[in-house]
Every structure is written in C-alpha cells, then in structure tokens.
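Structure incoming, see below.
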Amino acid sequence: MEKILQLWEASGIYNISAGQVTMIAVGLFLLFLAIRKNFEPLLLVPIGFGGIMANIPEAGLAFSAVENAVHFAKPEVLQALAASLNITSVDPNEILHAYHGSNPSTHHAATMVAADSGYSNGMLYNFYSVAIASGVAPLLIFMGVGAMTDFGPLLANPKTLFLGAAAQFGIFATVLGAVGLSAMGIMDFTVQDAAAIGIIGGADGPTAIYVASMLAPQLLGAIAVAAYSYMALVPMIQPPIMRALTSESERKIAMHQLRHVSKTEKIMFPIALLILVALLLPDAAPLLGMFCFGNLMRECGVVDRLSDTAQNALINIVTIFLGLSVGSKLSADKFLDLNTLGILLLGIVAFGIGTAAGVLMAKLMNKLEGGNAINPLIGSAGVSAVPMAARVSNKIGLEANPQNFLLMHAMGPNVAGVIGSAVAAGVMIKFVG
Amino acid sequence: MEKILQLWEASGIYNISAGQVTMIAVGLFLLFLAIRKNFEPLLLVPIGFGGIMANIPEAGLAFSAVENAVHFAKPEVLQALAASLNITSVDPNEILHAYHGSNPSTHHAATMVAADSGYSNGMLYNFYSVAIASGVAPLLIFMGVGAMTDFGPLLANPKTLFLGAAAQFGIFATVLGAVGLSAMGIMDFTVQDAAAIGIIGGADGPTAIYVASMLAPQLLGAIAVAAYSYMALVPMIQPPIMRALTSESERKIAMHQLRHVSKTEKIMFPIALLILVALLLPDAAPLLGMFCFGNLMRECGVVDRLSDTAQNALINIVTIFLGLSVGSKLSADKFLDLNTLGILLLGIVAFGIGTAAGVLMAKLMNKLEGGNAINPLIGSAGVSAVPMAARVSNKIGLEANPQNFLLMHAMGPNVAGVIGSAVAAGVMIKFVG
Amino acid sequence: MEKILQLWEASGIYNISAGQVTMIAVGLFLLFLAIRKNFEPLLLVPIGFGGIMANIPEAGLAFSAVENAVHFAKPEVLQALAASLNITSVDPNEILHAYHGSNPSTHHAATMVAADSGYSNGMLYNFYSVAIASGVAPLLIFMGVGAMTDFGPLLANPKTLFLGAAAQFGIFATVLGAVGLSAMGIMDFTVQDAAAIGIIGGADGPTAIYVASMLAPQLLGAIAVAAYSYMALVPMIQPPIMRALTSESERKIAMHQLRHVSKTEKIMFPIALLILVALLLPDAAPLLGMFCFGNLMRECGVVDRLSDTAQNALINIVTIFLGLSVGSKLSADKFLDLNTLGILLLGIVAFGIGTAAGVLMAKLMNKLEGGNAINPLIGSAGVSAVPMAARVSNKIGLEANPQNFLLMHAMGPNVAGVIGSAVAAGVMIKFVG
Amino acid sequence: MDSLVSEGLNLMVYGMGFVFVFLTLLVFVTTMMSKLVNKFFPEPIVEQKAKASAPQAAANNDELLAVMTAAVHKYRK
Amino acid sequence: MDSLVSEGLNLMVYGMGFVFVFLTLLVFVTTMMSKLVNKFFPEPIVEQKAKASAPQAAANNDELLAVMTAAVHKYRK
Amino acid sequence: MDSLVSEGLNLMVYGMGFVFVFLTLLVFVTTMMSKLVNKFFPEPIVEQKAKASAPQAAANNDELLAVMTAAVHKYRK
C-alpha cells in the first residue's frame, strides 16, 4: 500500500503545476505549427517535443544536478549546498539565486555537493551543456548552412550587400525598443538581454541562438521560438510592408540578368570574407569563420565528401540536439514570464523594421544612382530567412509583373543578410558580451 | 639487452593471466556467434571485439586512470591514492574497493592524483563514460528504434497492448528468482542487481543496458551479452513453450485483417504516449520520451531528413560506441564470476516465463471475451525482441495453418512489449534506483 | 567616439603581429596546395583553414582560457593565476611556462581561475581537446581506414610484409637524425620530439598525429603538415630514388598473378593481427585495435551498415574536426620556429630513406631466395601513403614494361606499411612515452 | 534475507500492477484518440501527400521515357 | 535608466555604422577580387571539370545503352 | 648530449628489431592461418553469398525489364 502511495506521490499527475500544464500546451502548439502549418519543422518539432519533455513533473530533465537537489529540498542537502555557495540561508529560492549567479569554481563546488548527495543532471540539461552552452551546435549548423549557400547571385551583383546591411536596422531598432521598455519600467531587460532579443531581427536561427547563449541564456527559449516562428511567418509579415512602401511601377522594375560567376570567384569569396573578419571584427570570427569554412568546402570541389557530410549527416545530428536543447529552456519556471511576451512582441517588430529598412535602402540606392537598377522588392530579402524571404520577393514581384522573376536577384541580399547579422552579432558580443 | 627485457616484461605474453585468456576466448566465441551464426551481429561484433581489447594485458584499455595506477602499484602512488580516498591501507585491493565505493567528489580527487602521477583512462573506459555512464547511447538507440517502429498494427488493434503487458511478467519473476537465489545464499545479488538482471526478460537491448548502467553497472557486461544472445536465440527458446501451451486448434485461429490506420493517428500516438508517461511515471520519461520523439519524427512527415539520420548515420555511430563500451565490461576481473553464470541462467528463465505469460494472457483474453479473436501464438511476441519474436509467431502459425499469416498481428504485441519493458524499467528505477 | 576607438583597438588590423600575417599566408598556401595542386585536400583544406582561424588576432580561437587570460594580462588576473600555479612572478611568459609544465590538478586550478575571471577556451582549442588530446579522432580515422582497407593482396603474398617492415627504417633513421641535430646543437629536440618527428616517415597521417599528440603536442602542427604534404608529394619524392636503386631489368620483372583469397581468411586476419598485438605490444593496441576493428566490420559481411558509417559519415565528421584541430596548432607562437624548419627537412629525409629501404629490401629478398619473385619497385610502397605509393610503383613499372601491372602487388607492402608504422608507433610510445 | 525476498515480491506485485494499469490506460487513450481522429480528421494528410507526389512521379517517368526514347532511337539507327 | 537607453542608442549607432562599414568594404573587396580573378584566371577550373566529367557521363551512357540494348533485344525476341 | 644520441641509437636498433620480429611473426601466423582456413573452410561463405544475391539481381532485372518493356511499348504506339 505504501508503495502505491509512493508511486502516486511521485507521479506527474500528483505533482503537476499550472505552469507545466501551460508549457506542455505550448509545446503541443509548437508541434501543431510545425507539423500542420509547416512552420520551420526541422527546428520546431525538436523544440516543441523538448519543451514538453522539459515540463514533465518530477523528471527534472531540463534541470542541473543542483536544481534537482534543490527541488527535492532535503534539509541536509540544502545545508551543504548553501555552504558550498557561501550563503547562510537555506531557502531554496535563495540557494538557486546564488547558484545561478555563482562563478565557475563555486558552480563546480555546488555541483559536486549535489552529486555527492545522489542527484544528477537531467538529460536535456546535459544536451544543452554539450550542444549550446559550449557554443558548438550553432557553429556547426552555420558551417552546414555555409555548405548549402551559393554566393553566386551575391558575387554577380555585390551591391546587394548594402540591402543586407540595411535590413539589420531591425536588429538595432529592437535593441533600442527593448531598453526603452525597460527604461519605462514596463519590462526588465538588461542591455545584454536587449542585444540578444534584437538579434531575432537577424532572421537567422543559429546566429540568434549563439548570441542568446552568450548574452542571455535565460531568454534563449523565447528568443529561439520567436526567431523560428517569425521566419516561418515571413510570407505573412513581409508582403503588407513591402506593398505599403513601394509603388506599382517600382514593383514592376525588371532587373538585368545576372552575369555568370566563375568557380574561382566562388572559391575566393569565403577566404576574402574570413580575412576581412579577421582584420576588422575578431568577435565574429567563430560564427563567420565556420560559415566561410562550410562554403569553402562546398565550392573548392576537392572535398565533396566533407561538404556532403556537413550538409547532411552532421547538420541533421546537430539539429536534433540543438532543438531538444532549446526545448530544455521552455521549462515553466524559465519561459512563463512577462519578458517572454515582450520578446515575442519585440521580435515581430524587429522583422517588420528590418523588412522596411531593406526596401527603403533599395529605393535610396536607385535614387542615388539615378536609375532603376534595383527592384525594391528584393530589399526585404536582406533580413535573411533564407530562402523564404527571397521567395516572397519573387512572389510579390510576379503579382506586379508576371514576366519578372526576382528569385535569383533576391538571393543576393538574402545571403548578404546572413553575413550582416553575423557581423551585427559580433559587434554586440564585442560591446556588451 | 635491458631494453629487450623491458619490452618482454611489458609484453602481453609475459603478463597475461588465465582470466584474460578465458575472456579473449569468450570474445572470440561472441564474434563466432555474431559472424557465423548471425546472432545480433550489429551489437555482438562490437561487443565481442571490445571484449577482446578489454583483456589485452598491460594495455588497460578498459580501466580508469586510478585503476591503471593501482595496477602498476608504485608505492608512492598508492600512498597518495590512499590519502585521497581517506583510507590508511595501501593494499591495492582495498584502494580499489574504496575507489569504487567513493562518492563523486572523492572519486574526482583520486582521479586527479592518478593523473598527476601520469596515468590516464583507457580508450574503452572513456568510450564507456561518454556513451553509457552518461546514459546517452541507449537513449539515442531508443530514439532510432522509435524512428524505425511502425505503430500501425498496434493502433489497429490496441488490445494487443495487454499481451505486451503480460509478457513483462518474465521480468518480475526473474527479479524474484534473483533475490531468491541470494536469500538461499547461492548467489549474492542486491535488489538493484536483481532488478537489472530481470530486465533481460524485457528482450530489449537498449532498455537493459540503460537500466543496468543505472542500477548495477558492474553486471552490465553479462546482462548485455545475455540480452542480445537470448534475443538471437528467440527462434529456439520460444517455439517449444508456445507449442506446449497451445492446442492445435488454437494455433489455427485465423485473425481478422487489420483496419487501415490513418496518418493522423500515427502522429498522435507518440504524443499521447509521452503525455501518459509524463502524468504517470516520470522515471520512464528519458527512455520513452526519446522513443516517442524518434517515432514522431518518423510519422510527422515534415522532418524526414532528421528521421533518416536518426535511423542511419546516428544510430550506427552510437551502436559502434555502445558495443565497444559494453565490451569494456567484459574484462576478466568484472566478468569471470559466479554471478555471470547466474545472470545467464536467470536471463533464459526470464525469456521463457515472459513467452509463457504472453501466450497465456492471449488465451485468457479469448476466454474473457468469449470468442476466438486472438491467436495465442501472437502472445509470445509480447516479450519484444523486435521483429524476431513476431516472425516466430508467424512461423509457428503457418505450421498449423498454411494460410494464416500472423506477422502483422504479432507486430502489435511486439512493439507493445517495447513500451511495456520501458515502463517496467521506469518502475524499477523509481523503486530501487 | 570612445566606442569607435574601442572597436578599432580590438580590431585585427590594429593588433596583428608579423607572425600572424606570416601564418595566415602559410594557411593560404596550404589551401592553394590542397585546392589547386590537390595535395591531400581532405586534410589540408581543414588544416589550412583552421590555421588561418588560429591566427586571427585577439580572437584567441586556438588558446585555452588561461592563455587568453594571460594575453589580456590584467594585473589582478595574472596575480591569481600565478598563485594557482604556485609561482611568485607575474610575468606573462613565466606564467605561461609554469602553466604548460603544470600537472593536471594544477592545470585544472589555473583553468578555474581563468574561468572565474571570465575567460574561456577558444573554439579551436576545444576542438583540439575533444578530438586530438583525448586521442579519439586519430583512432576513429584509423577505424575508418581499416574499414576501407582490403588485405586481399597482402594475404595472397604475406612475404610483402617484410617490405612494409623495411620501409619503417625511414622512421628510425630520422629519429637518429633528429637527436643528432640536437646533439650537435643545431636544433633542440628531446628524444620524445625526435620520436614524434620520425613517425612522419611512416607516411600515415593518423598514426603521426596520434604519436605526436602523446609525445610532442607542441610540434603536432608541423608534424601533421609535413606528413600530409609529403604524402601528396610521394609521386615526386619516390621515383628518382626508385630509379637510382634499380636496374632496367629489375624494373621489368613481371610478378605472378595473385591467388584468390577467401572470405574466411579476410575475416580471420584482423583477429589474428589483434591477438598478435595483444601478446607482443600492448602499447600499439589502441591504434591497431581500432584498425582491425574497422577491417573486421568490413570483411565479416554482417554489419555492413556499421562499416558504411565508419567509412563515410563518421570518418568525414571526424576528419573535419581533426583538420581544424590540427590547424589550431598552426598559431604563430607555436609554428614559427626553427624547429619547424628542422621538422620539414627531417620529414622529407624520412620519406626518402623509407623508400630506399623498401626497394633495397625487395632486392635483398630476391637475392636470398635466389629468384626474381619480387619486382623491387613494389618495395617503395612499404612506406604506406596508401594508395599513392602503390600507384607510383605501378606507374614506374609500366614505364619499364608496358604489360607489367604492379598495382595489386604493390598494395600488399602498401597496407603492410600501415601495420609496420603502427607497430613502430607502439614501440616509441613504450620506450619514450 | 527475508527483507530481500519481500522487496522482490513487492517489486513484482507493484511492478506488474503498474505495467498493467499503464498499458490499460494506454489502450483506453489510444482507442479514444483513434475514434476522435477518425471522426474529426478523416485522412486529410494522406490525400494531400498522394496529390503532392503524383506530379513528381510523373516528372520522373517523363524523364525516364525521354532517356529511353533517345536510347531506343540510337539503337534502331 | 538613462544609462540603459544611452547604451542602447550607442549600440545602435555604432552597430549599424560598423555593419555598413564592414559590408561596404566587402562590396569593395568582392568587386576587386572578381575583377582580378576574371582578368588573371578566366574560368580554368570550370573547363577542367567539364572535361573531367564528360568521359564519365559518356561511360554511364554507354553502360545505360548496353543495358537497354540487351533489354530491347530480349523484348523483341 | 651523448646520452641523447645513444637513446636514439637504442630506439633505432630495438625499434627496427621489434618491427621485423613482429612482422615476421605476422607472416608466419598469416601463412598458417591461410593454410588452415583453405584446408578446413574452403570458401563456404562466398558461395552462400552468391546464391543469396542471385535471386535479388534477377528480381532487379525483372523490374528493369518490366519498366523498359512498358516504355518501349509506349514509344512504339
């Protein structure tokens, strides 16, 4: 009888909190969006599933050994943990607070105490440590993305890099919005938080996760969910802005066919970009370095088996762990927060401003050059969201002029946006990291 | 001359022990079974080869830095190790005993002493730590198995879940057998050991390894070898039991064709199962969570590249390391033991009882429902051993009635058995973990 | 304004050193050799790219947390580091010296101090730790190479093993050369360094990296670059030596067709080799064990999916990380050194001597047997450099006699050379490791 | 000794009990789920898939046919 | 509070500035690189590749043709 | 200085010696193994494999033929 009681008192249904119920519902909603609405399923299926697992009561899959020890709150364990953290209070919340703010050696000491008491890290916490806290998973994804990226359209028309630059305005405007909300007392974001939130506007999943893991790991769940959801929503977010900012005649502008780009140019480009990064912004070196490495493997033509693996087996394996790890940040205590709402709101603003900035930049370039070389619809592709944003440019262009295929032209700013937001990420890590 | 002596005294042939010779022979025998007799070769080839490597004299591939330091037994190193373990004796066996029983922080201290003295972990020991002690390898295999599993036959006839439940009786009967043998003084198993041994009856390699790594790591080698060998022996173990417990007419029972199962049902099933696990048995969450995740990737249809990787590159990589890691537990000092004999004996009993329980449950269900809906031959498939046990059901069925194809009907209890033993694993971890 | 200054003072162009410029040029040159000249591109593309990344100023990608902390040289951090290393000086160079010579526990203490001060390991440093310092990457590559190797030609004519033995003379002659240069005061190599340099003559990348990581990690970059570059140069290095040491009539010797080798022989060979290693040279067990394991997976015919993965996804993933990790050792402070020049010089001598020894051994065998069974051109293939050296033998043979196809005959000594240098590696690790 | 056996017995009774309770609930949940799905979402995804893959298959066939026609032409010349 | 907003403003001004400076330089570098490449290395690699792959394609075609010829023969009998 | 060179010499003598001893033993073991295998297990596995793969190849050919027949039919109409 006692055993039945024990099973019952350890069951999820006995222990579940309202927050966990809510977050399981959020996880199911993400799965629905991914599976039925096709919202970036490669990421949102693992994130959603990981989010559900992270909220299984008593399993502690998303928690560290110390967090699990605090959860079960045996007095002697709390005592020992408090001692290892150099605090006198044995209040669980104060212990957790001290633990999360501790430096690495104290953190290690507390972990040892928890391990000695028989607690261990949850599975998803381990995945997060290995894949994201170490920084490796976003970098490997970026390498794979590099190996999938064709810089041909960009090389044929390098000026489209300006569109990729302009669209990053969404990032920095959002940073300003986030600190503004905090200054007004509505939200409570540090400048690091603001920078991490802003990067949602870069419309690049791995960049957003990399920056968030360095500047604001506690917001990573919300930031990643916002980044991938809004990328999936690009076909809904961008068109009204693009139509509002362009005239019918501008949308009809036909662009010159792109020149042929030689193999050698494609090989030289990632090397040139890497050296520019090395000379100007070392803080962007890991992100852009791995991106360029992937692209060089693709273009050099002599390591096709490595390039294939980077684009397939390796990126798939990393995506599974990255998604589950992000899901671990959807535990109720971390996600259900007014800040999450703020992040979701600011994220969509970032996408909108980035889109507008790209379109307006294209119009400005036409004006400065006194011609009609650029259809402003390709400016919106500068936010990245590869290749969705380029497809949106193409679609709106075809609506205005059924003979005008903008897809290849939009791929230039599209990949430029990837570089642009990685540069922006480097600047943020430099200034507030 | 001195160098030749040094080489000779460090050679295997000079140092080899009878136990190591025996275990190398065991490794060769496992390779023979795997390669010539086709006994679960994907696991038994790496396990057998790892077992041989683990028993190479002086190489210490399966030993930790501390175990290697104790093996070479320099007095000053033994002194320092004893101090780090807070014991006074410098007897190698007592040091090893204290080391194996130490808590994580003392373990870490001893490891540092050994490293400072120039000793390091063996290759297989490192593989074991990363792949099995962390729990990750069995979980990833389970994810891959989930991605390979079609729950269609189970969904078409959910009542076959009862057969999968009944067959787990083999697990618990064996636990009782193991504690009984210990109570009689014949063997020396703790209740944790008994639980880990019982799980052999689950006929599921990764579940057995996962449970053994948590409850009785020192028995893991024997348990894994027993589990995989007996799975390969299912076509010999099960038929006599099945024939003994059924009449000719029962074996001739034809089953209704299974209804068509929709895509949506298949997508919903892993989610429903996960939520049930979350609500009732959080301790089974890692195992069943990863299993459901793999199955959802398979069925949702939008992440085929992840599902492919989970079923191929990833599971293959993990299998290589899992097998070698299990092999590391075949070192003579851990395997050659009366307990191993007990485990091998109890394991086959577990398979037999599970088979019988499944068949009898099917007969009981027919009786309770007053019909002939179920051919009792599919009950034996409830032990798992996917898909071997289902094929055995089919074969015995065809012998009785050449028109009666039971394969698809037996796949229901077959996959139900996977769920059943994962649930049983959760219960054991909850109660004795 | 201050922020612009901050960006400028943190930029690469402001901080770059002459050494870094040189090493970036070296990295570009390696990429040129790999991409344009097809010099072992699978390794030299990642190594070259990693070398460039390792020399990005201020990014510290190739440095540990402690090295990064010392680079930024805040007085209070230097003070704390010196304390953790038990030295009184706070001079950065002395701290680095103490750090590099520290035992594992002191190393760990210094790392904690650096982490507490907010410094972390560079990305490439982490790759190096996980992939090479742990020894795992070269071993997995070796497993993959084993899975790609056909021992058929060797089994058909086992005497070619003698050629693979003789060619290892290049290794040991180079060791002697290296200690000789040091004894003369020209270079400054320890006997460990000399052993690691000598292994370049083994013409086997993973073996060279494995040995160098154990005996002389600070020379690993130069050793790996030399090993792979000279392997690519085999078609230029070997022919003059081969022609000089053979007469026209010797080069025309036609060899008997190789006998058919049965499947069973191929399965038994890796097992027999493993047991011989186990009995005679346990120190070669990790290298040759993984090699035999790969080969057994290939030949046994029952684990094809594991063999495929070992030859494709897994070896490709490991190659990417191995290459980048080797690149991390091309940082200016480690590579630009007179010793590097010495290594490059000694390496090519090693290739030359190995080639000569192989050819002369073949001639000796003909003399001893009093026949013309062996065309001495296949002796040069004993250095390994699979399959390049065998192709060179074939090509020179065809020049002398257009009907004489030596390729398959040369594959015997070619793979024998792999075994030979792994044995040599084991001997070195035993004697000076 | 006694306590070990009683622990084993306990484990068996509660373990088997829990396995049956859990799988019985799963039978119930699965049956309900299937009924609901078949009532409210009768096979929409499968049809979409069939539609989606049909043109691709056609394309493949066309390609194959083109190759073969060319080949057969060559052969007849 | 003020300092937070001014930090944000700073980040925006310098961040956007740097992004533009960087990408402008990249436009310049890329354009120069393309000009140099097209002047000094006009498409050598691509031609090599075309040459290299041509025989292989031919081989494949031959193989295909052989298979098909055999098949068609069989069919005509 | 002297000790370094003598260490090197030692390494060479014992190293080369050991490599030769090891590979000589390997020649011996391999030769014995081949003889034993060819005496007691003359190629059983290869034959099995050939048998096993034959039907599959046939099946593949049948499939190919079916496709081609259909294609050729179409072409002739």
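Structure notes:
As written, the chains take the letters A, B, C, D, E and F, and residue 1 is the first residue of each chain.
Please note the rule applied: a residue touches a chain if its C-beta (ideal position, glycine included) is under 8 Å from a C-beta of that chain, and two chains touch if they have at least 3 such contacts.
Source: prediction; values computed, not measured.
Both chain B and chain C derive from one sequence, and where they touch, under half of the residue numbers involved are common to the two copies. For the pairs A-E and C-E, the larger set of C-beta contacts lies at A-E.
For the pair chain C and chain F, the distance between C-alpha centroids works out to 25 Å. Rounded to a whole number, the gap between the C-alpha centres of chain A and chain C is 38 angstrom. Counting only residues that touch two or more partner chains, chain D has 10, 14, 18, 68, 72. Residues of chain A in contact with at least two other chains: 3, 7, 267, 280-281, 301, 313, 427, 431.
Those residues of chain B whose C-beta lies close enough to touch chain A in the complex are 103-105, 108, 134-136, 139, 267, 271, 274-275, 277-283, 285-286, 289, 292-293, 296-297, 300-303, 305-306, 308-310, 313-314, 427, 430-431. By the touch rule above, chain D contacts chain B in their complex via residues 1-2, 4-5, 7-12, 14-16, 18-27, 29-31, 33-34, 37-38, 41-46, 49. Chain A meets chain B in the complex at residues 3, 6-7, 10-13, 16, 24, 28, 31, 34-35, 38, 41-42, 45-46, 49, 52-53, 55-59, 61, 112-113, 115-116, 123, 126, 312-313, 316-317, 319-320, 324. Against chain B, in their complex, chain F makes its touches with residues 10, 14, 18. Put simply, chain B touches chain D in their complex at residues 154-155, 158-159, 161-162, 164-165, 168-169, 171-173, 175-176, 178-180, 182-183, 190-191, 194-195, 261-265, 268-269, 272-273, 276, 280-281, 301, 416, 419-420, 423-424, 427-428, 431-432.
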